[in-house]
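Pasting a structure below so you can have a look.
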Amino acid sequence: MIELYPFLIEAIQILIVLLFAPLFVGWIRMLKCWFQGRTSAGLFQPYRDIVKLFHKDVILAENASWLFRFTPYLVFGVTVLAGGIIPILSLSLPFATVADVIAIVALFAIVRFFTALAGMDIGTAFGGMGSSREMMIGSLAEPAMLMAIFTVSLISQTTSLSNMADMLIHKEFILRPSMAFALLAFVLISLAETGRIPVDNPATHLELTMIHEAMILEYSGRHLALIEWAGMIKLFLFTTIGIASFFPWGISTLPSNAAIGGLGNLISISAGIIFLILKLGFLGIGLILIETGLAKMRIFRVPEFLGGAFLLSTLGMLSYFILE
Amino acid sequence: MMTLSPFVLVSLSILIIAFTLILVPLFARHQKILIYVSFPLMAISSAIAVIAGIWSVAVGIPESTILSIGLPDLPFHLRLDPLSGFFLTVIGLLSFFVSIYSTGYCKGYAGKRSVTHLVIFYSLFIAGMFLVVLSDDAFFFLISWELMAIASYFLVMFEDELIENRRAAFLYLVVAHIGAIAILLSFGVLAGATGLEGFSGYTFDAMRQTEFPLKWATVAFLLAFFGFSAKAGVIPLHVWLPEAHPAAPSNVSALMSGVMLKTAIYGIIRVTFDLIKVFPLWWGAMVLVLGLITAIMGILYAIMQNDIKRMLAYSSVENIGVILIGIGLAIIFTSFHIPVLAALSLTAVFYHSINHAMFKGLLFMGAGALLHATHKKNMDEMGGLIHYMPWTSTLFLIGSISISALPPFNGFISEWLIFQAFLLSPSLNSPLLNLLIPMGAALLALTAALVAACFVKGFGIAFLGHWRGLHNPPLHRGGLEVNWPMRIGMLLPALMCLILGILPTMVIEWMDKISDELVGGKIATTAGAFGWLWLTPVAHERASYSGAIVLLWIIVVVMLVYILLHSRKTAIHRVPLWDCGFEKITPRMQYNANSFSMPIRRIFGFLFNIREQVRLSNATLHPSFPNRLYYRLRIRDRFWGWIYKPISESSYWISRKFGRLQQGYIHVYLIYSFITIIILLVFAR
Amino acid sequence: MSINLAAQINSIMAALILLTAFGLLVQRRMYGLLHLFAWQGLFLSVSTAIVGYVSGAHHLYISSILTLALKVVLIPYILHFLIRQLHIHKEVEQLVNVPTTMLIGIALVIFSYYLTAPIRELSTLVTRSTLAVALATVMLGLLMMITRRHAVTQIIGFLALENGLFFAATSATYGMPLVVELGVALDILIAAFIFGIFFFQIRTTFDSLDVEQMTKLKEED
Amino acid sequence: MTLLILLGVSFFSAIILAFVGDRKFAPEINILGSAATFAAGVGLAIEVYMHGPMTAGGKFFFVDAFNVYLSVLTSFVSMTTAVFSRRYMRWEREHGRVGHWGMRFYHAMFQLFIFAMLLALLTNNVGVLWIAMELATLSTVLLVSLYRTPTAIEAAWKYFILCGVGIALALFGTVLLYFAAEKVLGEGGEALLWTNLSQVSDKLEPTVLSLAFVFLMVGYGTKVGLAPLHNWLPDAHSEGPTPISAVLSGLLLNIALYALVRCKVLVDGATGTHQAGYIMMGFGLLSILVAAFSLLRQKDVKRMFAYSSIEHMGIATFAFGLGGQIATFGALLHMLVHSLTKSSIFFTAGHASQMHRTQEMDKIKGLLRGNPLVGWGLMFGVMAIVGMPPFGVFVSEFLILTATMKDAPLLTPLLLIGLGVAFAALFRRVQPMVAGLVPANQHPLKAAHIPVILHMLLVLIIGLYMPDFLSQWFHTAVELLK
């Protein structure tokens, strides 16, 4: 018989994903305000926004097709699915085997694909612009992302995230140039993928610089809420992917079955949660340092930025073959 | 009395085609009846062929027979083994769908022009493809190969009153024929190397039995690879493809792009793995590099196109590139004697072949539906069709998702398998590969991402937004939807895309015999080890994927969220566009195909021969406020200038020189004979 | 008359034939050409008769008579008739000037001698040495066709060439089998009529027999 | 006996037609005569097939597998051409391109021409072979100038002079051959009989024979139309009436090649080297290349196909020169399928130019729609001639190419360039002619379909299934030509 326990952990993780994502964003915004010497709206502002949006009516453009209305649900669902797969609390999640890292990247690709289509659906100049730019960025970021992850998966001889993390934890730690390259590349890419400065600015509707915002311009009410929430989860997930593939230490490694006994697991899980919170906190600070340090770049500087990331990740893979 | 066997079935299906051909003249007068009789017959015969193919792959025992016709000492040999069985299945499947589709599509011609030729050559075309995979000796192979080529040539030239169609057909035929000659030569080399007298060396069996010396094997392989690449559209031999596919009727271009290119893949695999068998590493490297170039260039060219069928054609080039990558890897692994990995890459190859057949067929049929409804090929004159063609748009969307390798559809599986193969390659030691593999993986990843961009453009421009056409924005909603046969013809491949996406383990288990026969490696044992639900190509701790669960999850969550959100009634207000408070937006303000691909054009522009003209009408107050603006963009394939133009020009130059021989002066002619005889006498002496 | 004497006479004939061939090569006037050609035919028939006498191959007499009839009487008469009909008895200039033609001709004679040298070693016939002359005559005929730009002169060159062939046949091999000889003679007769017709056709369509005009059909443009 | 009928019929029908040439029923007589000839040919073929090679008329005639299949081919194609010329020449007569005397002349000469070719094929005497060749030339010279246009006369004149000179050189070669032969066989007619020569060929004097072969090569080569001696051919083909072009390139070239091959066998026997073969290969390759590249710049439809004939004769010559079982088999087959295909192409091209009142290809359009038979006939004819399966030419080219690949691999690139260029050139021209809408300058026409369909069917059948007796013949012929 299948035991419920693993699924319990799975449930906890998904819950954490859903709840922590806005919190993380709130944390980042708060930090940002502090760094810029403003008073922040507080840690829980994102929750309020989402709830508020959920209660609003939906204002839909006349010529919006079913695709436009379907996209938010799909985006949300896919993102949550990814959240169920990435080892955040435990390495032995029942869903971990559903998709390996390539598939996870592909899941994010689905999100992008449909968001871009939705952006074109309503037939505005901005929507098209956003989609076009998003696809351009994506088509450069996605391979770079894959390459960065591949470097790690070459080292750990697997493409499933849990096993990668597992390897890293249990192998003795060596400083690998390839890892360094991969990490650097990964950071750049996550900035681009999650639409942060210097690639995109989540906080602006300044028309000509919009990318992600331009696509979802026409969304409102619960649709917008879903998309925003999914966006937050995406940011959260990228961070946790980074954690899982570069600093997995602290994630619970115990095989999740009752044989070990509930208690040990519970401890390791809760320890995992604490570790997670700490890591997130630091990563948030790092992110903010970057964001306040850099200025948003022109759209046609972005390819160079991403090309750099692509180059770095490829270098990482090469250096694995050459140096190690 | 003969017992029923795959071979009997396939002969039956070919007989049905012959029967159809006999029927055609009877109904030539009544076009509608002709359409309703012939295409269903073709569908039946294709279905039978599919059964035969699946069956023969499942049993995995080759059957062969010898017809009594052919050359005096070289009768036609036919053979149905798992490899040919698999490709028979692929061809049969798509031609089954397309035949259903054609019943609806060809009605569009009724009254306008006679479809008799279309029917004849369509049947011949399918028969040719069947025979190609069935033939088991060089001579018969070439005959069926050229039968296929000629038939498709006439199909491309079907609407022959247009000059560009004629040019396309001509280009296609020339490339195809040169390729065929190369294939002929490679068979000649192989037959010569068997050392058998007379014609007995020309049977594939004889070639299978012989161990070829490397020198001859290399010559033969290069010739064959050249020949088949010409058909498959490997860059730089791809130029005919984007010309011919738009020219042909859409059901034909679906077949050409979906399965005719696959016959070339079949040829490469047959010659390399079945006939030659042993090969050095560098063949694989060459194929891999060519595949990478083809893939990346193909998709970049595809993104630049505005004609939807040209776009699809170039994307076929890209897919062929991906398949070649797999073949290259398979060759490499085989030359390193790692049968399991070779089997893995070959499985990826087969999987991608059938996938591409499905979604490219679907997409071309969709393009045909667009053509059928709007009589346009240029995306910039469509737009907003999702409101007018709900079925077509949905099916086209599914095709786009599958081709963009997004889970849970089929495109993802094959791409995923190839990535796995890439990531497993470090286990072999060769400095060359250590540099090649990462590059390969990177370029493949880039390609995959660009495909998504390309099809967002394709679907977005053609189906979404407002009607972009200058005049006649189409009428009421759903008004343009195509007839039922066409919908069914598109629906079935869409379903196949989903099935292939969620049940990979079963399919791989089915097709495992082929790679076992060719490279002596199986992966089904490991692939299905974790249960039918999980695809674990090598080992479950290495990598695993379950399309079914992904699909299930997405459905569940979406439903859940939907229900949750709709528990409380919130109104939906339909309002005009907001667009940042932009005033009076017109459809002309939308992003069009050119503007969509502009960022990528900026990045990769150096690969193309681009001429961009912007002219402001002079009567303006200030250059920044022109009242009219004229923009023109021309994107050319660089390979024309690099390869094809020089060849044609030089041959014309030579012909001018030869023309000098004949000046019309009889004295000069006499001098020729005079000099000839003097020279010969001097030699004879 | 002894064999040697016959052989000597035959070689004199050969010399004369060669001489006439050269004469044809350089002769400018139409009638002159005609007469030279007739003379060549005469020499040919004489030498044929002599060879026939020497070898005792009597069918050679027939062919000698044939030659006399055709090459000395009939064809010159036809040509004469045509020339008068078509008023073309004027100077006919050449494409290549005379000295060059002569030089080439001499070179050809040497060449054909060098060519036939090994063969005459093989032959046992008294007349073997004349093969070189025959070949030379053929070559000279061809050269004449090349250098002359007038239809009639080309025909004469052609016929001279055939004289050379006949001479080769008789001198080198004591004559071909009779049936062949007859057939060849017949062919020449037909040919004669055909070019007769041709002269009229050309004349009527081009109102001159200058071959240089007939250069419409060509490749270069 | 059948042999005498075979020759006699055509000869006498020539005489008859010389008198009744322009009557209403003259074409029918023409057809009847050639049909009878064909029947006799088949009869002869059966005899030979039953009893093997035979001589007749006191060793004057000699029939073996090689020449019997050619004579059947000759009589067959001449029959179909007669059928074709019935409608074609009537049209020409009605449109006043040919006059009363022209028709008489045409019919008589047509039969005479057939007679000459059959004589050349069947005679046992190398000298008579030469005579027949000359006769064949002379009988067609005035047919080429039938239309009396300046270009026609020019073409005929060139044909007459060039082939005359060439054939004269061939006679010189024959004389040399006789010169060598009479030492072995003694004087008299015996010494020129092929049957005797072939037996003693190894005793013949090599130096003499190699000299002889040079003259024969240039002589008969001129008639085969090998570059650089080919210049008469395009002119003659393009200017003469189409039936004549059809038989010229379909049959006469074959006969000349036949004579050449016969001589080659002797020379090979004597010299024991492969010299003759090399010379033939050289001529063949040169012809293929020259013809292929000249094809690129053609404007006149019949002229273009004349060049394609040069190319194919080049291929056959090359294959004969290459020697060996497969190559020779291929060459024999190629002679057969080429003459079938090419003559049917000329039929359709002739009708096409009648429909458009011009031979300029730029003005010929929309044949598929205008006259399906002519259009598809031309299309498939060209597909066949460029060597596309499943037509017979593909088989022969398949054999020749693979043989070349085996014996002279370094020459294959040249061969391929030739074939590729010819393919592209022909299609580039033919496609616009057949495709497209019917132009204004096209007039309907009652075409003669039987010959075209018959030829194409035969070529198709040979391509898919070669009957046993045919391959038997070829194999025995290959043995003869060893």
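Per-chain residue numbering starts at 1, and chain names A, B, C and D are given in the order in which the chains are listed.
Simple rule for what comes next: contacts are C-beta pairs under 8 Å (C-beta built on N, C-alpha and C of every residue); 3 or more make two chains touch, one makes a residue touch a chain.
Just so you know, these numbers come straight off a predicted model, no measurement behind them.
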Highest-count interface - the chain pair sharing the most C-beta contacts: A-B
Chain whose Cα centroid lies at the greatest distance from that of subunit D: A
Whole-Å gap between the CA centroids of subunit A and subunit C: 102
Separation of mean Cα positions, subunit C and subunit B [Å, integer]: 70
CA centroid of subunit B to CA centroid of subunit D, Å: 44
Chain centre separation in whole Å, for subunit D relative to subunit A (CA means): 79
Residue list for subunit A, restricted to those that touch at least two other chains: none
Sites on subunit B at which at least two other chains make contact: 656, 658-659, 661-662, 666, 670, 673, 681, 685
Touching two or more other chains - residue numbers and ranges from subunit D: 157-158, 161, 165, 169, 211, 234, 294, 297
Pairs of chains in contact (touch as defined earlier), listed by label: A-B, B-C, B-D, C-D
In the complex with subunit C, residue positions of subunit B that touch it: 656, 658-667, 670-671, 673-674, 678, 681, 685
Of all residues in subunit C, those that touch subunit B in their complex: 95, 111, 114-115, 118, 142-143, 145-147, 149, 154, 211-212, 214-221
Subunit D to subunit C touching residues, read off their complex: 125, 127-128, 130-131, 134-135, 138, 141-142, 145, 148-151, 153-158, 160-161, 164-165, 168-169, 171-172, 174-176, 178-179, 182-183, 187-189, 191-192, 205, 207-208, 211, 234-235, 238-239, 294, 297
Residue ranges of subunit C in contact with subunit D within the complex: 57, 115, 118-119, 122-123, 135, 138, 142, 145, 151, 154, 158, 161-162, 164-165, 168-169, 172-174, 176-180, 183-184, 186-187, 190-191, 194-195, 197-198, 201-202, 205-206, 211, 214-217, 219
Subunit D partner contacts - residues on subunit B that touch it in the complex: 69-73, 139, 142-143, 145-147, 150, 157, 160-161, 166, 169-170, 173-174, 177-178, 181, 184-185, 187-189, 191-192, 198, 202, 651-652, 654-659, 661-662, 666, 669-670, 672-673, 676-677, 680-681, 684-685
